[in-house]
Amino acid sequence: MGKLYTDAVAALDGVLFDGMTIMAGGFGLCGIPENAIQAILDSGVKDLTIISNNCGVDGFGLGKLLDAKRIRKMVSSYVGENKEFERQFLAGELELEFNPQGTLAERIRAGGAGIPGFYVKTGVGTVIAEGKDHRDFDGETYIMETGLTADLSIVKAWKADPQGNLIYRKTARNFNPMMASAGKVTLAEVEDIVELGELDADAIHTPGIFVQRLIKGEFEKRIEQRTTRTKEG
Amino acid sequence: MGKLYTDAVAALDGVLFDGMTIMAGGFGLCGIPENAIQAILDSGVKDLTIISNNCGVDGFGLGKLLDAKRIRKMVSSYVGENKEFERQFLAGELELEFNPQGTLAERIRAGGAGIPGFYVKTGVGTVIAEGKDHRDFDGETYIMETGLTADLSIVKAWKADPQGNLIYRKTARNFNPMMASAGKVTLAEVEDIVELGELDADAIHTPGIFVQRLIKGEFEKRIEQRTTRTKEG
Amino acid sequence: MAWTREDMARRAAQEMEDGFYVNLGIGIPTLVANFIDESIDVTLQSENGMLGMGPFPYEGEEDPDLINAGKQTITELRRTSYFSSADSFAMIRGGHIDLSILGAMEVSGTGDIANWMIPGKMVKGMGGAMDLVAGVKRVVVIMDHTSKAGDPKLLKTCSLPLTGTGVVDRIITNLGVFDVTDDGLVLVELAPEVTVDDVKASTEAKFALAEGLAV
Amino acid sequence: MAWTREDMARRAAQEMEDGFYVNLGIGIPTLVANFIDESIDVTLQSENGMLGMGPFPYEGEEDPDLINAGKQTITELRRTSYFSSADSFAMIRGGHIDLSILGAMEVSGTGDIANWMIPGKMVKGMGGAMDLVAGVKRVVVIMDHTSKAGDPKLLKTCSLPLTGTGVVDRIITNLGVFDVTDDGLVLVELAPEVTVDDVKASTEAKFALAEGLAV
């Protein structure tokens, strides 16, 4: 049994189909699966439903799939960084489902954890609650949210071992661990593949059971907002 | 602001009261908060509801509180290691609420995560489902389980820094992280307190926000079932 | 000649496939680990929070922080990862474990299983058994065909409190192997020298014979 | 003399207490970090998965794997821990964050807040704002008292789509500080040289005056 593939094209062989649902990890451009996105673009697959907190920027990240009009529907919490998104949405070419960020994260975790529904306070009394089941617990009102799964999850980690155990780095972790658990197939792309036994077993974020395919990727790791301070003296 | 206390007695000052609910980490005797259990015993507090996967063994772990008849009710998944438990239960001195182990773990996580209810397949069609809300998702039947919180959580970790960031070791992690998040007050006892900055920020299991009080403990770490193999030749 | 415990464990080990993640219950299921074909790659899960469970430690190398779900001291492997109980059962409930091999007191012809409680006896608790039968992709039961008193354990309807309903896929007893299908129980293998009549005599549940069953 | 943005941020920084875990929104709330009293210990949360957020990096030391919820490059501290988005919002939703300081387009006298969407304009999304107002123990809003067009932003009822209902505890504007109480809005502080009549003239919501308010 080998999880290791030479590249994203090989790793996605037999997995892609028009109309499929794909979860893509990352927050902004931080911790996004650049290699899988490019391979999905190159494959020509279309009518995609993409579950991702954001939709990249014009020309980079998921913005590439958007520019090529491969996305039919986005499930996100914030898409404000992307002009082509606005254009397609206003032109009615793109469906959009907003979720509060924490609700989105929990829906994905729930999908991976066999939990089809759960209650949260988030969004009660807002447009987000419309049409959802309301229920009181201890005198407070909550709404029911449902679990999410995907045909494919593409995630980005820092290090992996050949069993697919993953470690993420700093805030590049974000949505990646839950998405890894919620894909029928999960492709992980990493910066470094180490020997079995090199990862600290207590520090593994995503156990290999959640990773069916694995590649060592090449990353631009573009910075979205470069903010700095000046050294004094 | 200091989280660090000299010992468990000092750390529990002002927290304990008769009839309170306490979550206690550990699986069997692995990863149990030995110091807090002893201090709770010494305090004389009684009529406790204890949420813990198991109830220790006769004379050790939570078995100490049981022997002293301080426990009014146990919320557990398995209590088979304890003869005094059986005696008190059959004599009607002890209330018992069984939860499937995964349901118990998830109820505690939910309690800490602001989720008052969620649906699972576990236990559908069994005694566990009696009286619980049933609901179908995609043609399958699920039952609703509720979140759990506690007045106090006592957890055991391996290492901490003075901010209360915790790292657990091997299978001694078990129920400790969720319980740390579900206590109104959480006392963590650890084997080693290291300098701030010494823990790998990517490898911290329980962020310090969940830990209000912290002690360096003394541990017997009793082994429940010593199973070994013999070295060949 | 009925199968021994080891025979049953050996037969159960054939349920494993390359790349499988497997959870083994306490008792005979634990023995199955000894018979896994070395040519396939199988990872054992322990529901107290570990993937990649290794064998018992050498004497003197026991680690109190490293136990399995049966509370026995074990070892780790190079592939091992640890996680919390919530994450462990998210893995189980979410259908990520390929196979669970469990013991049982009773199994019904429709795949109901009872393996946690005998009314009138002290209730020890279900531990993770209800989660495993509800969540794992494929559930295989190993059990003696009859109780010590000689009563059938493969029943039309379980008499003991259930662990799960319609969850068992296959049953391996000392007399043979049964599949739970949409059309009911099917006998798919017989232990050596055991006849269909032998099985019928000690089985309450109705069962069909698999095509090509060597009788 | 109405407060400047810096004055408002400085005033908001006084909401912090020793040992607090705090989430700061984008915009003026981000400035608040600059005015935290050095004698107290405050930990900043960034909802993309970090506790213990440090300042911007020195030039040339930016790390693409280390950003805040506003997607800006930042640094870590010795106390920093990282976690997933699910764990981050478990922390927020579960009521573990002591204080959130957020901007707003409108706030009502009963603590409703609208800060994510203007109908007719492109919808960017609510990000984590709905989770924060619903989950954090205490929610403090910083906003200009009126819109650029001079319209009141403290309203009887919000006109924009809501982020949350009955969630705001305190509002700091350039004119003063208001508490949302069970009996309605109470003006508790005035900016220097600002009069109650000034405030009344640009506030749609009714408000009472706190006892001992220096007018």
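A few remarks follow.
Going in written order, the chains are labelled A, B, C and D, and every chain counts its residues from 1.
By our rule, a residue touches a chain if its C-beta (ideal position, glycine included) is under 8 Å from a C-beta of that chain, and two chains touch if they have at least 3 such contacts.
Note that the structure is a prediction, hence the values are computed from the model and not measured.
Path length between subunit A and subunit B in the chain contact graph, taken as the least number of steps between touching chains: 1.
Shared contact partners of subunit A and subunit D comprise B. Greatest centre-to-centre distance from subunit D is found for C, with centres as Cα means. Note: centroid distance subunit B to subunit D, computed from Cα atoms, is 36 Å.
Measuring from the averaged C-alpha position of subunit B to that of subunit C gives a distance of 28 Å. Subunit C and subunit D have Cα centroids lying 55 Å from one another.
Contact of a single residue of subunit D with at least two other chains is seen at positions 76, 82-83, 89-90, 92-93, 135. Residue numbers of subunit A whose C-beta contacts span two or more other chains: 106, 109, 113-115, 120-121, 168-170, 173, 201-202, 205. Chain pairs that touch one another, listed by label: A-B, A-C, A-D, B-C, B-D.
Those residues of subunit B lying in contact with subunit D across their complex are 1, 109, 111-115, 161, 163, 165, 181, 196-197, 199, 201-202, 204, 207-210. Within the complex, the subunit D residues that touch subunit A are 46-50, 55-74, 76, 82-86, 88-90, 92-93, 112, 122-131, 134-135, 161-166.
Across the interface of their complex, subunit A is touched by residues 106, 110, 113-121, 135, 137-138, 140, 142, 146, 167-170, 173, 200-203, 205 of subunit B. By the touch criterion given at the top, residues 27-31, 53, 76-81, 86, 89-90, 96, 98, 100-106, 108-109, 120-128, 158, 168-178, 205, 221-231 of subunit A touch subunit D in their complex. Partner subunit B is touched in their complex by these residues of subunit D: 18-19, 21, 40-41, 43, 45, 51-52, 76, 78-83, 89-97, 135.
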